[in-house]
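In the two complexes that follow, chain A is the common piece, with chain B as its partner first and chain C second.
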Partner chain A sequence: MLNSRKKKDLILQSITYFASFISLFVLISILLFVFLNGFKLLNMDLITHNFESTSYIADLKDFTGPGDFTIDKDFNDNTYYSSKWGIALTDDENLMGHTIVLVTYVHPESPFKDLRNKGVATQDLSLGIDYEIIRIAFNDGPSALSIQGAQNMIHVLDTKTTFRELEYSTSGGGIRGSIITTLYLIGLTLLIALPIGVGAALYLNEYAPKNRFTKALRNLIETLTGVPSIIYGLMGLALFVPITISLTKATGANLISGALTLAVILMPVIIRTTEESLKVVPDDYRQASLALGGNKTQTTFKIVLPSAFSGILTATLLAIGRIIGESAALVFAVGTAIKDDVSIFDKSTSLSVHIWAMMTDEPANIELSTTIAIIILVIVLSMNLSIKLISKRLLRKYGVTHE
Partner chain B sequence: MQSKIQLNQTQKRHNQWLDNTIKYLLMGFAILSSSFIFIIAGVIMVKGVTPFITNNGGLGRVNLADFLTGTTWLIGESFNSNLYAIGFLIISTLFIAFLSLLISFPVGVLTALFIAKIAPKKLAETLRTVVEMLASIPSIIYGLFGAGIILKIVYDLSTLIGFQSKGGNSILSSVLVLAIMTIPTIASISEVAIRSVDKSIEHGSLALGASKTQTHFKVVLTSAKSGIFTSAILGIGRVLGEATAVSLVAGGRRSGINFNILDTTSTLTTMMLEGMKETTGLDYDIRFSVGIVLMVVILITNFTLNYIKRKVGNVDVK
Partner chain C sequence: MRKILAVLALALSFSLAACTSGSSFDDSKNITVYTRDTTSGTRAGFMDGIGFAAAATSDDVLVEGFVIKDNTGIMTSMGTDEYGIGYVSLSSLNNTIKGLSYEGVAPTVANVLNNTYGLKRPFMWMTRDAGDYESTEIEQLVNAFVAFLGTSDAADIINNNGAIALDTTVTWDSIKAQHPITARNNANVTVRFGGSDSIQKVAQALTQAFSAKAGNFVAEHDHTGSGDAYKRTQTIGLSDPVSKHVAFASRYFKDTEKVGVAESAMGQLAWDAIVAIVHKNNPITNITAAQLKAIYDGTYSKWSDVVSE
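== the complex of A and B ==
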């Protein structure tokens, strides 16, 4: 072989190496970025907490004076306990990265369990674990502030016999509402999209005659896949939102309209995936069922459909992945309001839109966004891997080997 | 005997009735799912045409020609005007799509070639999984990655050459985010095309004395070019339609055509996402008009690319 050609070949080959390692590099840097930034916020509190924190100013109700709440319990090094008031405080950082004083323990008989909302409403309050104390103000002397740390607060508290008011807030910054919204969306969307999609696939594969009408149906469904999701969002906004408003008690964009929009987005995916697995069901099965006297309906639903189970499962997993990842359509069809009390008749936001909402806010909250991204990535990637496993198993079942 | 036959007949009739009902029910599902393309088109048309034919609550009709060619977007209700123009958005959308394809197309196709033909089996399997994983990452995470990493890099880069960029929000950032989003799309579809190239064509080339690499580049790639073109069409469709990821890195430009890749930009989709507070009025309706334009842009681009694909010609690969 000529030397110059060898050189040329080598250069060409190495650019293919280079190009493919760009993909690898991109994947690794995305994963690194997401995990390095988001990992420190990832804990159970994040998942169980509300996003909005509520602040209260409270004072003591039926106050009898501090008592003796000595307990036999060990705390961490940076946790301080006041046996006079029965409360343990610690220094911490909240999900936004600010230093706070966190309540880690309240004695059951502590006066802090018996508080009253100081202000217009007479509302009973009670200090609980994980609440943030902002300040404690006294009649005599300066207030104890959270920026001075937990040790100082406990120290000041121990020298006093009463306080004028206590400002605290419930823990916020969590994503409980968005998780619930996402789960609702998954459930509702599958409830709508699966029957219609699987039904359409059954018709196209089992019943439809080979004519131009069937071909047109297939083409139209195929065309849907090329429509960008923001256009689906517009459709949801203009069609499904008014429909749900007139039929339910919803007053604006809501979870049902979002689920309907997602169902339309997922329809072509579900139909195609189900059809793929219907196609590999051997014809012998159908003929055997018909020969044994089963009618067409029995054959379809009792023989063919169960054989296509793995395809439907794949479609479901694909759909769940898409629902979790979808953002543009949901911005229109469900809205971007981050909610803690989720109702299916109200605006809300899924995990992906939560990221978008926080990133378009000023200032952008990259830390919490990447934490949510970890959750999304783990779910989506594990679904993807299970789809791979399922389809491999399906192919083996019918004796179709790869390639 | 008589009754048995009769029973059989009623059973048969019942079966037939059931079969037909189920058939028409399923057919209804199929028709419903395929009719959504018309429903989408209809709904968006009706809404999107409103700003051009009604008075828009005293603001006056939006002029269609100005809308399509102008270079300023004012938030109409707050400026109390009907001045919405998206000419500059159309141009910047196409510009960004073209640039990102310029990066993702060669990288994607070469990756596909590498996975399908050049790489050792183990490595190919790994890279295929990598591409699949990349394809399944939701676009919002690409946007987040762009906002967290690419913006910083672009910002530092522009400071290095003495350009004050708006925190890195720029055409370049949008292009990079979109490019890495489309690489997996292009790679996976091109790979299928490359694999389906007839082995005999390859063997012919090798028999004529061409080296393996020469065969891959000159014969395999040209034979698969129809499929590779399809991947580019799908890739550009994804680029044009992507909304949330770009909106995090584009910067939100409201007027003027801009070709400086370090300066801010907007696309049709990011403008649609902006300021979603309104629920009625011109500000709301105009999003549908932008939607129509977006669909038309995508259709025209697809049509043009398909035309080029036919012109470029087909090597027969089944």
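== the complex of A and C ==
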């Protein structure tokens, strides 16, 4: 008897070990995948730079001929310097992981410092460091292209005495605009979803009569969590986009319609979580408040609501996680155009839609996608920690410790 | 704590064990055949090239058990599936997979340019009909862009992005006077580009370079496939937001697509080579059109059939 129970216990116990082992294994493999793929491209420039790069077309101005710009300076192995032109070029990778030829040094008197703009703008150009050289074209012979590398470009330059055209650009590929969009979306969505969600939860828990209708309503709200988010996206496209176009200066999908769509997605989560936390507020509190002469409304808003504060924070946290992670709905409701100048009346991409855009590129940019995933993980983690900190502070202040 | 560490160590060793696998190639294994879907220009170019034109538009003639994937899907599958075979554009080829020589000629840009590499397809462009634009500015910019495609400046950009430009010596400097629209500020003009997604990278580089030369007009890119090049420039009206001013196809236009399109509204801008790719452990380095056809129609089902030839 005792022996068989021991066996049973052992089996049950090992099932729990096994289950936790599987979940740990899955978690670690995801983390490993994300970090191994994405760590290489992770740097500050990615977060601060614009996505769009600007191209410039230029040629030489008041040019008499190349000079002698020999300098006493050590360069890296993959950097090549032309003493005839006073310019150093490096083989490098840009923020998106594509190989480029980067300007790493320009001599102060180099002819590259004094360029004529061949575009429509009249102001002169000057080549500085951190620009990418795309091509240098010559009147005699083929052009030097960035795909052939920095060494070839310097070699070709050294054999020429002038060039016809220089094409260079700022480095693009940054995700600054998408980070700003994500923050906007979080703010706007919470602004819409929290009051409505918390209000609905208060009604359901405090005011609603306990009858069939309330039960049906609650079930319906719970069912909403199972609807695929792409359906919400289509609803946003069909309903919120036209509404925002007619009410604001927006002309197409925009951040407001995206926030409205997200708010609808989040409503069930917020209502559910808030209601759970309202349920655990002890009835003694309500009765005490009523006994002291407070009416129903005062009791609800001044006693019950502050006591449920930690639950509302949890709801907010869940909501933020969902907003950052959502992509399917936003592809329809906000669009997939990556923007640097974010306006709430215009299309833009959140970080997860940015990943979507990178994965639909030809060929898909898996490295940059996982790098953005790391950034999302860091944002979620820091928000988690800060909200926990805030809630601890507030709880101490209000003195409600019913957890 | 010690228990947690033990579980962690176990998890790590499991994941490491899953990663390391034997690298010996067993040629008695069945070939897994990968292909693009029937709307793909790469597929049309590949099937026409190996003499299996019936497979360009129909899945029924292909070997049983083939796998349909997009460009990226074929690349990543070939990195893990030792017994797979697929095909991609030369511009997508990288060192995670093995590109096979075709009829004894290595897939390099030089071999495509000197016309020895046989498996290639054209990159084509198509514009809207004359007068079918929102404004004359857009029409003039489109005409200027088409002229730019024939210059050596555009050829540089095309070559720089992995495709192979047509031979030309005309420079943009020598013809830009014919397109006065490019001398003014066009920052408020938007031109919509679309069509084949295989050309997207090249097309974006071209419009970025041309925008700097033509008053910084805005180029909006939305690439959905070669089939949409004709549809969205010719059959879809301007009021529809998906309509395009210029669109690209990574295959020759079909006869049905040329009906009613002026000769000046379409043309070729470049060549692109298609490369048959396999896993790095695969010992074969060269493949012929006949072998590829035999693999894709199911005559050869095992790798030993290919190797024994």
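Definition applied: the second predicted complex is superposed on the first by the 250 of 403 C-alpha atoms of A that agree within 3 Å, B and C clash if a C-alpha of one lies under 4 Å from a C-alpha of the other, contacts with A are read in each partner's own complex, and residues count from 1 in each chain.
Rule of thumb we're sticking to: contacts are C-beta pairs under 8 Å (C-beta built on N, C-alpha and C of every residue); 3 or more make two chains touch, one makes a residue touch a chain.
Fair warning: this is a prediction, and the values are worked out from it, not measured in the lab.
Visitor: In the superposed arrangement, which partner chain does A:Ser229 touch: chain B (first), chain C (second), both, or neither?
Guide: In the superposed model, A:Ser229 contacts chain B only, not chain C.
Visitor: Decide which partner touches more residues of chain A, taking chain B and chain C as the two options.
Guide: B
Visitor: I'd like to know which partner A:Ala364 touches here: chain B for first, chain C for second, both or neither.
Guide: The answer is both, since A:Ala364 touches chain B and chain C.
Visitor: Just checking: does A:Leu24 make contact with chain B only, chain C only, both, or neither of them? Give me first, second, both or neither.
Guide: In the superposed model, A:Leu24 contacts both chain B and chain C.
Visitor: In the superposed arrangement, which partner chain does A:Ile57 touch: chain B (first), chain C (second), both, or neither?
Guide: second
Visitor: Contacts for A:Thr244 in the overlay, against chain B (first) and chain C (second): which applies, first, second, both or neither?
Guide: neither
Visitor: Looking at the overlay, what does A:Ser146 touch: chain B (first), chain C (second), both, or neither?
Guide: second
Visitor: Would you check which partner chain A:Thr300 touches, where first means chain B only, second means chain C only, and both and neither mean what they say?
Guide: Touch status of A:Thr300: first partner only.
Visitor: With the two structures laid over each other on chain A, which partner does A:Thr189 touch: chain B (first), chain C (second), both, or neither?
Guide: It touches nothing on chain B or chain C.
Visitor: Which parts of chain A are touched by chain B and by chain C alike?
Guide: On chain A, the overlap between the chain B and chain C contacts is residues 17, 20, 24, 29, 252, 359, 364, 366.
Visitor: Hey, which residues of chain B end up touching chain A in the complex?
Guide: Per the touch definition, chain B meets chain A at residues 15, 18-19, 22-23, 25-27, 29-40, 43-44, 46-47, 106-108, 110-111, 113-115, 118-119, 127, 130-134, 136-145, 147-149, 180, 183-184, 187, 211-214, 216-217, 234, 237-238, 240-244, 247-248, 269, 272-273, 276, 279, 287-288, 291, 294-295, 298, 302.
Visitor: For the complex, which residues does chain C have touching chain A?
Guide: Its residues touching chain A are 7-8, 10-12, 14-15, 71-72, 75-76, 92, 152-153, 156-157, 159-162, 171, 173, 182-186, 197-198, 200-201, 208-209, 211-213, 215-216, 223, 241.
Visitor: Taking the complex as given, what residues does chain A use to touch chain C?
Guide: Within the complex, chain A contacts chain C at residues 17, 20-21, 24-25, 28-29, 32, 53-57, 118-120, 134-135, 137, 143, 145-147, 164-165, 167, 169, 252, 359, 361-364, 366.
Visitor: Taking the complex as given, what residues does chain A use to touch chain B?
Guide: The touching residues are 1, 5-6, 8-10, 12-13, 15-20, 22-24, 26-27, 29-30, 33-34, 37, 195-197, 199-200, 202-204, 207-208, 216-218, 220-221, 223-224, 226-232, 234-235, 238-239, 252, 264, 267-268, 271, 295-297, 300, 321, 324-328, 331-332, 335-336, 352-353, 355-356, 359-360, 364, 366, 369-370, 373, 376-377, 380-381, 383-384, 388.
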